[in-house]
Amino acid sequence: MGVLLNEVSLSYPGTGLVIDRLSTEIEDGEFIAVLGASGCGKSSLLNMIAGLLAPTSGWLEVPKDGAAFMFQDANLLPWLTASENVDLALKLAGHPADKRGARVEELLKLVQLGHASNKKPHELSGGMRQRVALARALAQDRQVLLMDEPFAALDAITRDMLHEQLRSLWEQTGKTIIFVTHNVREAIRLSGRILVLSSHPGRILETRRITDELRNNPTQAAALADELTTILRKEQRKHELNDRISN
Amino acid sequence: PGPNEIQANAADKGPAEELKIGYFANLTHAPALISQSKGILKDQLDSDGTKIESQIFNAGPAAVEALNSGAIDAAYLGPNPALNSYLSSHGESLNVISGVAYGGASLVVNDKITNPEQLAGTNLASPQFGGTQDVALRNYVKGLKLSQDATVTPSSNGTVAQLFGRGEIDGAWVPEPYASLLVEKNGGHRLVNEADLWPEGKFPTTVLVVSKDFMASHPETVQKLVDANTEAIDWLNTADDKEKLKAVQEALAKANGSTFDEAVIAAALKEVNFSSDPLPETYQELVDHALAVGVGTGGDADGLVDTRFLDKQER
Amino acid sequence: MSSMTESRTKLKPVLALKLRPSGRLDALVAPLLTVVVLVSLWQIVSWVSPLREDLFPGPISVAQKLPQLLADGSLVSAVGNSLFRAVSGFVIAVVISTPLALLLAHQPLLRKGVGPLVSAMQVLPSIAWVPAAIILFGLSDATIYTVLLLGAIPSIINGLLSGIDMIPSQYKSLSKVLGASKWEHMLHIELPAAMPGYVAGLRQGWAFAWRSLMAAELIAVGGSLALGVGSLLQRGRDLADLSLVMLVILTILLVGVLIELAVFAPIERKLLRDRGMSRTGESNG
Amino acid sequence: MSSMTESRTKLKPVLALKLRPSGRLDALVAPLLTVVVLVSLWQIVSWVSPLREDLFPGPISVAQKLPQLLADGSLVSAVGNSLFRAVSGFVIAVVISTPLALLLAHQPLLRKGVGPLVSAMQVLPSIAWVPAAIILFGLSDATIYTVLLLGAIPSIINGLLSGIDMIPSQYKSLSKVLGASKWEHMLHIELPAAMPGYVAGLRQGWAFAWRSLMAAELIAVGGSLALGVGSLLQRGRDLADLSLVMLVILTILLVGVLIELAVFAPIERKLLRDRGMSRTGESNG
Amino acid sequence: MGVLLNEVSLSYPGTGLVIDRLSTEIEDGEFIAVLGASGCGKSSLLNMIAGLLAPTSGWLEVPKDGAAFMFQDANLLPWLTASENVDLALKLAGHPADKRGARVEELLKLVQLGHASNKKPHELSGGMRQRVALARALAQDRQVLLMDEPFAALDAITRDMLHEQLRSLWEQTGKTIIFVTHNVREAIRLSGRILVLSSHPGRILETRRITDELRNNPTQAAALADELTTILRKEQRKHELNDRISN
C-alpha cells in the first residue's frame, strides 16, 4: 500500500520541467520527509500523489482509495465552522452521523482547538486554521497521509506537541506519511527517510535514512542537519549563479 | 343544403356542454357586453344546459390564438384579425357568422388641419398594423396623392390618445370610443368619417366569429349564439339613448373598470351602428386594399362569411 | 510621552458605531425616507409642469384613484393573484433550473452546446412565447406559468453557472481529496460555494419571472384567467388612464421593495456574514 | 515492484486532453450541433403533430418565409435597427450604472435608501415606463432608449453591487494599507475584484436591455420610428402569421447566441483564467 | 515616529478579551519581534497598529502616513502578476510610472523572484507568494514596517538570505520594524527587542532587549532562546490545565 513513482515528470503550461523523471518507491508505513528550496516542486509532487495533478510523463502507483491531504494553505470551507469542516471529512468518508460528533471533538482537542469548534474560519488565527486543517486531514483516516508544511504557521511549543502526537499516531496506525517541511530538524525528528529535492528541475538530490539511534543522539542529529543544510545551500548557490549568468 | 352543411351535419354532436366566448371591453363590442350583462345569451343557452364562459381580451391576436387553440369557441373581433387568420389557415380556422357593428371609425386631426391636402408631411397614427383602420388610413392617404407623404405609425389605442394629447401626432384613424375621446378630450375634430368611403357608409367594425370545429360539432349552440347576438343588437337599436348609455357604461365598467366619461361614450354611441349584417361583400375589398398598400400577402376571402345561421333566423 | 503632532495619528475605539441606530431599523427607515422625498418631488413637478392633469397626474390625483380600486377589490385581488403566480412560478423555476444548471456545469459538452442557447433564451422577449403557449395550453394558468418559467429559468441557470464557475479550484481539489462523490461534491461544496453568485442570479431570476408574468397577464382576463397586476396595467394604458397606470406602477414597486427587504436582502446578508464579509457599509457583527 | 492489484491505481499522463480538438472549435461546433438536433426534432414534431400548418409551422415553412423578408430588406433592417439600439443603449446603460453602483457601494445610507428601490425597479415591466416615456419624449428614439435604459440599469447596478459585496475583506485591508484613495481603491481593487460578478450582471443587464427594447419597439410599429425586431414580432402576431413569429424568434435567438459567443463567453473565460479558474469542463491552459 | 500603545484592549464580537490593556512604546527605528502562542492575538495587534482594526478601549498613536504591512497570508491580488502586485504598491505610493519598472525588478530580485515576475499568484508556490508579498511590503517604503510571520513558508536557506537582506535594509533606512514570528531564534537574530505575549487574554508577558553582543554570542543566544521557550511553554501549560479544568 505504499506509493511508487516511476520516471515521473511534470511541467505546467508555459513552464519548463518542474519535476524531472523522478523515481522512488515509498513503502507501506514509511514516514517520509521532503525537503527542498521554495518553488522546487514539493507541493506539485504531493498533488500528483494525491491524484489532483496528472504527470506530464511517467506514472505513479498509489492506493486506490487515495490519500489524505493536508494542503499548504489551510483550505477550509469558509461557510462551515471549525467542527463542521472536520465533520465534513468524516461524513464524506462515510461515517454515520451519530458517531461523528465525538470524533470531531476528539480531533479538535488533539490540535488544541476544543474551545474554537464553533468558530468560522475567518474568526480563527492563521495557526488555528492550520490546525483545523490538520484535524481534518487526520479525520480522513486513509492509509497514506500527505502533509504540505503542516506546522509552518505554528509556534514552537504547539509544534512540539503536535510532533509528538503525529509520531505516536504513526506508531499506532502504521500509516504511510509523506510530509513536506522547511525545517531540517523537524524532518530528522519525525521521519524515517528524508528526500532532498533539487530545483529547476526537481530531482532527488539526496536520500537519507534516519534511524532511531541517530534521531535520539543530539550530536549526530545536529551533524546531519548541518550536512543537509549545506547540501541545500550548495544547490541554491548553483541557481543563483545560473540566474546571474542568464540575466 | 350546400356541401358545407352536409359536412357539418355529419359531425354534429348536438348542443355543446359549454360555450367559451371571447370579446373585448370595447364600445364596438357592446352587443357582446349587453348580451352578457342582460343575460340574453344565458337565457338562450339555458334550455340546452350549455354553460357560458367569457374571456376578455385586450387585442385581436391573442383572441385569434385562443380560438385556434380551442381555448375559446367564438369571439367578437375586428374583421382584420378574423380575415388574417382565415387567410393564413387557408380557410380552416374560423368563419364570420354574424355582423356586430359597422361604422364608427374616423380620422381625427388637430385643429390646424382643415382639409385633406394639409395631411402632406403629417404624422398620423392607427391602432394596429394591418388592422382595419390602419389599412383604411394607408389607403386613404395613398388615394390623396399628397405632395409629401404622410407617415403612418401604428400604435395601440391608449397610446394614440396619449400621443395626440401631447401633440406628437397630427391625427389618428381610430375606432370609437377613441375617436370621440380625441374629439371630446383632446381638441381634435373628425376630418374623415370612414363611413363616407364605403357604399351606404357600411363597413364592418366588429364581427362575430366561431371556430370551424365548434361550428361543425355544435351548430345548435352556434345558432343560439347568433340569435342572442341579434337580440342584443335589437335591444341596443330600440332602447332610448339614456337607457342605452347607462347599460353600456355599466357593462364596460364591469368588464374592465372603464373610466371613460359619459360624454365620450355618448358621442361614440352616435357614431357606431349595430347590425347583424356581416357585410360579406366588403371583405375582399379589405384584402385588396391591404395588398395595395403593402400589408399582408392578399388572398381569397371567399367563404369567410357563413350566413347560414343568420339565414335560418330570418325564417 | 510624545505629544500629538500633525504627522501622527491617534487611533481610538470607534464609539460612533455603537451609538448608531440599529442597522435593521435603518434598513426600513432609509427606503421610506427615499420614497417620501421622491413623492414630494413628483408632486412639486406635477404642480409646476405645464402638462394637463390627465397626461401627468400628480401623487394626489393618483391617490384619489385608490379608494375606488380598493372598494371594488380589483387592486387587492390583482396583487394577490399576481403575487401567488409569481411566487409559485418562481419556486418552480428554481426547482427546475437548479438541477439543470448543475447538469450543465458537470457536462462540459452539453454546456458548450446548450449554454449559449440558454443565454440567448434570456434575451427572447416574453411575448414571443405567448402564441405558442396559448396554442399548447389554451387560456389557462398553464399558459401564464409557461411564459413565466421560460422567462425565469434561463436567468437562474446562468446565475448558478456563473456562481459555480467562480468557485476557487482549491475547493474542487479538497472535495476530490475528501473522496466526495459527484453528488456529495454538488451538495456539500459546489452549492454552498456558489451560493452568493446563485442568490444574485435568483434576484435577477425573480425580476425576470415577475416581468414575464406581467407580459403573460396581458393575454386575457376573466373566465379561466384571474385578473393580475399586468392586466390592470394594460387596462390603464388602454383607457389612457395615467393615474391608474401610475398607481399600478407604485404597487409593483412596493411589492418589489417588500420582497427585496423581506427575502433577498436578509438571505444575502446571512450568506455574506457566514463568510466573514458584509454588504458595503454594513458591519458584520 | 509491486504488481497492480485492485486496491491500487496507476496515475498516468492525461493524453486524452491533448488529443481532444481545440476548445475554441468545440465552442462553435457544439452549439451548432445542438441547433441542428433541435431543428430536426422540430421538423419531425411538426410532421407528426395534428396541428394545422398555420398554428405550428415547421422549419421548412418558416424557411420559406425567409426569402421574402430578405428581399424587401425588412428583416435585415429590423435586426440592424434593434441591434444598434440595443448595443448603444447597453453601452450607455453600463456607463451610467457603473458609477451609480460604485456610489451606492460607498454611501451606505444611500444604498439602504435607494438599493431596495433599484431592486424593485428591476421587477417593473418595461411597458410600465412607456406612457411616461411618451409624455417626455413622444415618438422618438429617446422614448425607446428611455425604456431600454430603465430596464437595463437596475440590473447592472445590482450585478456590480453583488460583485462588490463578495470582495474578500482582505483586499479592502490591503487597499487601506497601500494607502489607496477612494478612487484608487475603486479603480485598482474594487472593480477588478468585482469583475466576475459584474460580468454576470452585465450578461443579465444585456438580457434586460434587449427585452426592454422589444417592449419599447411595440410602442409604435414602424412609421416615424424605424422598424425593429420587436415590431416585426408584433406584426407577425397581428397578421396571425406564426411562420413570421417563429422566424423572428429564431433571429433573436441567433443574435443572442452570437453575442454570447462573441462577447460574454470570451470575457468571462479571460477573467476566470486570469484568476486561475476555468469554466466548468474547460481546462485553463 | 515610533508607535505608542496605551492600555489597548481588543475583543471581537462574541469573544472575550483577545488583547487586554496592552501598553508599550516602540521607538523610532526600533526592530521589535513579537512572540506568542498561536491564536494569542499577534495578528490582531498588528492589525490595530496598521489602523485596520479599532481597539475596543485604550488608544494607539502611529505615524500619520500609516504603516507598511506584510500580511500573514500573502494576500496578493489574483488578477495581477507578481510584478504588477509589487508595482501597485509603488503606484499607490505615488511613484511615477517611468521609475517604477526598475524598482519592481530590483525588489523581485531581492526576494529571488526575478524569473517569476510575469506569473500570476496561482502559478506561484506558497513560498514564492510569500516572497512577492515581502517585496510588496518593502515597496511601500513607510517608516513603520509590520510583518506577520514573513518567513514562515520559506526554506532555511532562502530565509537566511532574506534575514540578511532585512537586517541590512533596517540598518540602512532606520525603519521601525515590528515583526511577528514563531521562531525564537529568528527573533533573537533579527530584533533589538522581543515582546512575548501571553494568550487569553494577550498581555505582555516578557520584554527582552537583544544587544548585538548577545546576538553574536552563540552560547548566550542559545541560552536566551531556551529561556524564552521555557517561558512560552510554561504559559502554554497553564492554559492546558485551565482547558482541562473548564472542559
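For clarity, chains are labelled A, B, C, D and E in written order, and residue numbers in each chain start from 1.
Just so we're on the same page, a residue touches a chain if its C-beta (ideal position, glycine included) is under 8 Å from a C-beta of that chain, and two chains touch if they have at least 3 such contacts.
Note that the coordinates shown come from a computational prediction; the quantities given were computed from them, not determined experimentally.
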Busiest interface, counted in C-beta pairs: C-D
Centroid distance [mean C-alpha coordinates] between chain D and chain C, Å: 17
Chain centre separation (chain A, chain E; CA means) in Å: 25
Centre-of-Cα separation between chain C and chain B, whole angstrom: 40
Cα-centroid distance, chain C relative to chain E, in whole angstrom: 46
For chain D, residues contacting two or more additional chains: 55, 130-131, 135, 169, 234, 237, 242, 276
Multi-chain contact sites of chain B, meaning residues that touch two or more partners: 61, 65, 68-69, 159, 162, 166
Residues of chain E touching at least two other chains: 51, 65, 73, 122-123
Chain pairs in mutual contact under the definition given at the outset: A-C, A-D, A-E, B-C, B-D, C-D, C-E, D-E
Contact set on chain B toward chain C in their complex: 20, 22, 53-58, 61-63, 65-66, 68-72, 156-159, 161-162, 165-166, 181, 185, 255-260
List of chain A residues in touch with chain C within their complex: 47, 50-52, 65-69, 71, 73, 75, 77-79, 88-89, 91-93, 120-123, 140
Residue numbers on chain B that touch chain D, as the complex places them: 60-61, 64-65, 68-69, 81, 84-85, 88-90, 92-93, 123, 125, 128-131, 151-155, 159, 162-163, 166, 168-169, 295-296
Chain A-touching residues of chain E, taken from the complex the two chains share: 12, 15, 35-39, 42-43, 72-73, 112, 114-116, 123-128, 131, 148-149, 152-159, 182-184, 229, 232-233, 236, 240, 243, 247
Residue ranges of chain D in contact with chain B within the complex: 52-55, 130-131, 134-135, 138-139, 219-225, 231, 234-235, 237-242
